[in-house]
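What follows is chain A paired twice: with chain B in the first complex and chain C in the second.
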Partner chain A sequence: METLQYILRKLLTGIPLLLGVTFISFLLMVYFGPDKTYELLGKSATPEQIEEVRHQLGYDRPFIARYGQYLKELATMDFGHSDSTGEPVSGLLSRTIPISLALITPGFVLGNLIAVLLALVAAYHRSSWVDRFIMGFSVVGMSISFLIAIIGFQILLSSSYGLNMFPVRGWNMSTVGNYLSYVTVPTLATVFVSLGYNTRFYRAVIVEEMTRDHVRTARAFGIPPARIFYKNILKNSMIPIITRVIFSIPLVVISGSLLIESYFGIPGVGKVTFDAITTGDQPVLKAVVGLTAVLFVLAQLLTDILYRAVDPRVTLK
Partner chain B sequence: MNAPAASALPARREGLWSKALHKFSRDRAGLISLVIVLLYTIVALGVWAGLWATEWADVTGTKWMPVSSEYWFGTNLIGQDIFQRTLYSTRTAFEVGLVVAVLATAVGALLGAVAGFFSGSWIDEIALWLMGVLDSIPFYLFVAAIAFALQDNPYAMHVAMISTFWTTVARLVRGEVIKLKSLEYVEAAHAIGVPEITIIFRHILPNTFHILLVQGTITFVAAIKSEVILSFLGLGVKDGMSWGLMIAESTLEVMAGFFNNFLAASVFLFVLVMAFNMFSDALQDALDPKKV
Partner chain C sequence: MNPDQAPLLRVRDLVVEFSTEVGVARAIDGISFDIYPNETVGLVGESGCGKTVTGLSILGLIPSPPGKIVRGSIELMGKDLTAIPEKELRDIRGGDISMIFQEPMTALNPVFTIGNQMVDVLTQHRNLTRKQAHSVAIEMLDKVGIPAPGQRILEYPHQLSGGMRQRVMIAMALSCGPKLLVADEPTTALDVTTQAQVLEQIRLLQDEFQMAVILVTHDLGVVAETCDRGIVMYCGSIVESAGIEDLFNHPCHPYTEGLLQSIPRLREKPVDRLPIIPGRVPDLFHLPSGCRFADRCSKVTDRCRQEAPVLQQLTGSTAVSCFNPVA
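This part shows the complex of A and B:
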C-alpha cells in the first residue's frame, strides 16, 4: 500500500517533466514545424480547398487549443494517422517498436554486461598492465565514431572485401537463423562503441567502492574476499550502475536505433522517426517524443524502486 | 597586493594550477596528445587563413585517382582532391567543437552556479526541471526540429548541441557550488555584506574552473563526434565540407572497393578524438587529486 502510494506520488511529480518535454517539442516541431498544406494539395488549389486542408490539419486553431489536443492525444495514446502513409500511428508504432527492440537489445545487454566484467577485471588489477590494457582499449573505443564502427564492421563482415558472411543491409526476423544473420553486424558495432564509455564509467564506480574505508576494515577482519566482493563492493556499486543502465534505455530505443536503422535500412521505430523528421510527419513525431518522455518518467520510477531493492537504507517516501 | 616577506613563503608555491602544471608536464601520454591537438589546430588555422586546402571544392583530377605525389590521398568520385577536403574538414570540426564547447560550458557554468547557490529554492527547481526536460528529448529529433524552426540556418546544429550539452556541465557545477557555498570563506563574504551576485561570480564560480576546463574538452569531443553523425544524416553541415559528409559520400565508393575517402576522413577523425580524449584524461589526472 505504501509502495503504491509512493508510485502514484512519483508519477504525479513526473507531470511537470512531461509537460515540459511535450511543450518544447510541440513548439519546435509542430508550431514552428513544416507546413504541410501545400504538399497535401495539388497545384492550383482554390482558397476554399486550402482553407479546408488547414482546418483538417488544425492550423487555423489557436496555439493553446492545438497543444491541448496533443496532450489529449498523449493521454489517450491515440495520435491519429501518419501524414505520409495514412497508416494509424498506433499501428505503425506497434509494428516497428518490436523490430527496434529485437535489434537493440542484444547490443545493449552485451555492451553493459561485458563492460561490467571488464571494469571488474581492470579494477582488481588496478595500475597493472591488465588495467592499462583494458583502459587503453576503452579510450580507443570511445574515440571511434559510431558511424565509422558501423561502416567498418560492414566492410569487414558483409562485403566481398572482408569475410562476406552476413547480409549487407536489410532485416528479416522470420527464423532464428535469419534474425541472427541480420542482427550480428549492428550488434557488434553497438557493443564495440558502447564498451569504451561503459567500461570507464563502471571501473571508476567499482574502484571508488573498493577503496572505501569499510572495505579495508572488512579485509582487516579477515572476511573472505568473495564475500567482500559481493556484499561490500558489488552491491554498493549497483546504484550508479542501475541508474546509468536504466536512464540510457529511453534514448537508446529511439536515438540509438536511428543511425543503425537508417544506415542498414531496417524498418524499426528509428527509421520511422528519421523518415518522419525528413518529411515533417507530425503525428508520428508527436507520438515518438511523447512516448520517450513517458519512458523517462517510468525510468525514474523504476530506478527509485530498484534502489530500494539493492539498498535497504533507501526508503520510498 | 604586496608580496609577503620572502621568508614567509614556502620553498615552492603549491597552488592547484602550479601543481597541475607540474603533474601534467610529467604525463607523457598527455604531452603527446597535446602536441597532436596543437598540430590539428595549426592545420585548422592554416585553412582558416587560406594557406592550404583552398581548392577543396574544385574538380582538379579524374575519378578515383590513386595516391600520388600530387594527390596525397587520391581523388574522390568526381575527381576532387581528398587530401585538401580532409584538411578543410579539420577546420569545420574545430569550428563546431570550439563554438559548442565554449558556449555550452559557459551556459552550463552560469545556470549551474545560480541553481547551486540558490539550491532548494524555486530558481533551483526551475533549473533542474529545464535540465530534465532537455535531457529527455531525443537528440536527433531535437536537432532536426531546431534546424527546421531556424529555417535551415547553418548554425541550427550548433544551437541544438549547445542547448543539450550544457545540462551535463550545469549538473556538475551545481553540485560543486552546493559544496563550496557552505565553506567558511563564503560565509565570511556574506558576513561582511558582499552582494550575492559578487559571491557567486567572484568567489565561487572561479573555484569551479577546473571542472569547466575538463568538461570543455569533453564537450569538444562530443560536438565533433555528433557533427560527423549529423552531417552524415543530412542534418548537420550544409555548405562546406566535413568528415561526416566525406563518409556519407564514401558509402557509395566503399561498396565499389574504393576506400581512400572513407579512410582519410575516419583516420583524421579518430586521431583527433583519441588525442583529445587522452588530453582530457591527462587534464583530469592533473587537476583532480581524487581521480582513479
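This part shows the complex of A and C:
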C-alpha cells in the first residue's frame, strides 16, 4: 500500500519533468526543425499561397496552442499520418519498435551481464595479472569505435574473407533460426564496444564495496566469502549498477538502434527516425521525440522504485 | 594477570609489513605479549603506532595485499593462528575471538536488518536454526542495554544512533561466547556520556561472559578506569608493559611517563600548559637504527642511537624496553 502510494507520488512528480522535456524538444522542433511550406510549394510561391499553406499546416497558430495540440497527440498516441508514406504514425511505430527491441535487447543484456562477471573476476583478483589482463582488454575495447567493430565483425563472420556464416544486411524474425542469424553480428558488435566501458565501471563499483568497513566486520565474524560476496558486496553494489543499466536504456534504444539499423538496413524504429530526420517527416519526429521523453521519465521512475527495493535507507518520502 | 594460569593468547615476535608504492612499511616490529583468561589489557599508544594492525593480526585479518605477517606466532590456547587454514580461522573469528571496531556508523551492513546480521553470525558458529538464533539475538540486545530489543532487531543500522550501533556490535561480538574480545577504540567515535555507558557495559558483560578483553585505545584515562594491565606501544614496538598500578604509579619508559603527564585529570595541581612530548613520530620508512623514541627522549644517550633496546622484565609486573628506565 505504501509502495503503491509511493509509485503514484513518483508518477505525479514525473509530470512536470515530462512537460519540461517535451516543451524543450517541441521548441527545438518548431524553430530549428524542417518547415514543410517550401517543400510543398516550391521556390516561386506567392505570399498568399504561403499564407494559405501555413494556415493548413497550422503554422500560424500561437506556439502554446500548437504545444497543447502536441501534448494531446502524445496523450492519445495519435500523431496522424506520416508525411512521406501516408501510413498512420501509431501503426508505423507499433510495427517497428518490436523489431528494434528484438535487435538491441540481446546485446544490451549480454553487454552488461558479461561486464558484471568480468568486473567481479577482476575485482576479486585485483592488482594481479588476471585483473590487469581484463582491464587492458577493456581499454582496447573502449578505444575501438562502433563502426569499426561492426565492419570488423562483418568481415570476420559475414564475408567470404571470413567464416561467411551470417547475412550481411537485412532482417527476418519469422523463425528463431532466422532471428538468430540476423541478430548475431549486430549483437557481437554492441557487446564488443560496450564491454570495456561497462567492465571498468562495474569493477570500480565492486572494488569500492569490497573495501567497506562492513565487509571487514563480516570477515571478523567468520562469515564465509560466498555470503559476504552476496550480502555485503553485491547487494550494496546494486544502486550504482541499477542506475547505470536503466539510465543507459533510452540512450541505447535511440543511438544504438539509429546506427545499427541504418548500417544493417534493418527496418526498426531507428531507421524510421533516421528517415524522418532526412525527409523532415514532422508527425513521425514528434512521435519519436515525445516517446523518448516519456521513456526517460519512466526510466527515472523505475530507478527510484528499484532503489527502494534494494536500499532500506531510501525512505518512502 | 595470574601467572599460575596458562596464557589464553601468546604472541611472539610478531612482524607485520605493508608493501606500498614508496617501499615496505614495517607496521609491527617484533612484538611479544601474553593475554591471560578473563583479564582486561589496555593497548595504548598514539595514532598510527600499530594498535589496529595488532588487533587485526590476531584475527588473521591483515588486508593482503598490501599487508603480510612476515614473522612470529600468535597462539590461542596453544594453537598457532598464523599456521592454520583459512577455514579453521573462520570458525575462530566471531567464535573464540571477537573484534569490534572504532567506527560503529559504517561497521554494519546498511542493507540488512541488524537481526539478519546477528542471526548470520549466530548460525555460523552455533548449532541453531535461524528462528532460535533470532531469539538469542534478542536476548543479547537486551543484555547490552538496548530497549525494546524485539522491535529494534527488525531495524536497519541507519535507524540506530552511534551508541546503539556499537551496542549491537558488542551484542554480536559476545553472542557466540568468545574467550577473547578485541575492542578497537570502541568508544572513540561516541560522545562522552555514551562512551562511559558503553565501557561500563563491556565491563559488566566481561564478568558475565568470563572473557579476556584487549581494549585498544589512545586514552590512558580509559585504561586507568577499566584495565588490569597496560601495554604501551610506540611506532610498531612495545615500549612498556605493566600492571595498572605500576604503570600509573611508576612508569618506567620515558615515553609512558610523557603520555601520563599529558593526561590533565591525573595531576593534582592544574598547570598552565600540558607538557607534550616534543618532536614527531618517525615515519615507518625512515626508522632510526637505534631506539625509535631516541629523537624525542629526554634521557637519550649514545647507546640509544646505535642499539635498539629489547623488552626486559624489571621488578614487579613491569617489562620495559629502555636502556635508561625512569627510576
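By definition in this document, the second predicted complex is superposed on the first by the 301 of 317 C-alpha atoms of A that agree within 3 Å, B and C clash if a C-alpha of one lies under 4 Å from a C-alpha of the other, contacts with A are read in each partner's own complex, and residues count from 1 in each chain.
One rule holds in what follows: a residue touches a chain if its C-beta (ideal position, glycine included) is under 8 Å from a C-beta of that chain, and two chains touch if they have at least 3 such contacts.
What you are looking at is a predicted structure, and each value in this text was computed from that prediction instead of being measured.
Novice: For the overlay on chain A, clash or fit between chain B and chain C?
Specialist: Verdict on chain A: chain B and chain C fit.
Novice: In the overlay, answer first, second, both or neither for which of chain B and chain C A:218 touches.
Specialist: It touches chain C, and chain B stays clear.
Novice: With the two structures laid over each other on chain A, which partner does A:24 touch: chain B (first), chain C (second), both, or neither?
Specialist: Only chain B is touched by A:24; chain C is not.
Novice: Which partner chains sit in contact with A:292 here, chain B, chain C, both or neither? Use first/second/both/neither.
Specialist: In the superposition, A:292 contacts chain B only.
Novice: From the CA centre of chain A, what is the angle out to the CA centres of chain B and chain C, nearest 10°?
Specialist: The angle comes out at 70 degrees.
Novice: Tell me the contact category for A:207 with respect to chain B and chain C: first, second, both or neither.
Specialist: In the superposition, A:207 touches chain B alone.
Novice: Return first, second, both or neither, reflecting whether A:155 touches chain B, chain C, both chains, or no partner chain.
Specialist: After superposition on chain A, A:155 lies in contact with chain B alone.
Novice: In the overlaid three-chain picture, which partner chain does A:265 touch, first (chain B) or second (chain C), both, or neither?
Specialist: After superposing on A, A:265 lies clear of both chain B and chain C.
Novice: In this superposed model, does chain C or chain B come into contact with more residues of chain A?
Specialist: When the residues of chain A touched by each partner are counted, B comes out ahead.
Novice: Would you give the minimum C-alpha distance from chain B to chain C, in Å, for the three-chain superposition?
Specialist: Across the overlay, chain B reaches chain C at a minimum of 10 Å between C-alpha atoms.
Novice: Looking at the complex, which residues from chain C come into contact with chain A?
Specialist: By the definition above, chain C touches chain A via 59, 61, 65, 90-95, 98-99, 101, 103, 106-113, 117, 120-121, 124-125, 156, 158, 169, 172-173.
Novice: Where on chain A is chain B touching in the complex?
Specialist: 16-17, 20-21, 24-25, 28-29, 32-34, 126, 139-140, 142-148, 151-152, 155, 159, 161, 168, 204, 207-208, 211, 250-251, 254-255, 258-259, 262, 273-274, 277-278, 280, 285, 288-289, 292-293, 296
Novice: Where on chain B is chain A touching in the complex?
Specialist: Its residues touching chain A are 129-130, 132-142, 144-146, 148-149, 225, 228-229, 232-235, 244, 247, 251, 254-255, 257, 259, 262, 266, 269-270, 273-274, 277-278, 281, 292.
Novice: Where on chain A is chain C touching in the complex?
Specialist: 127, 212-214, 216-224, 227, 231-232, 235-236, 310-313
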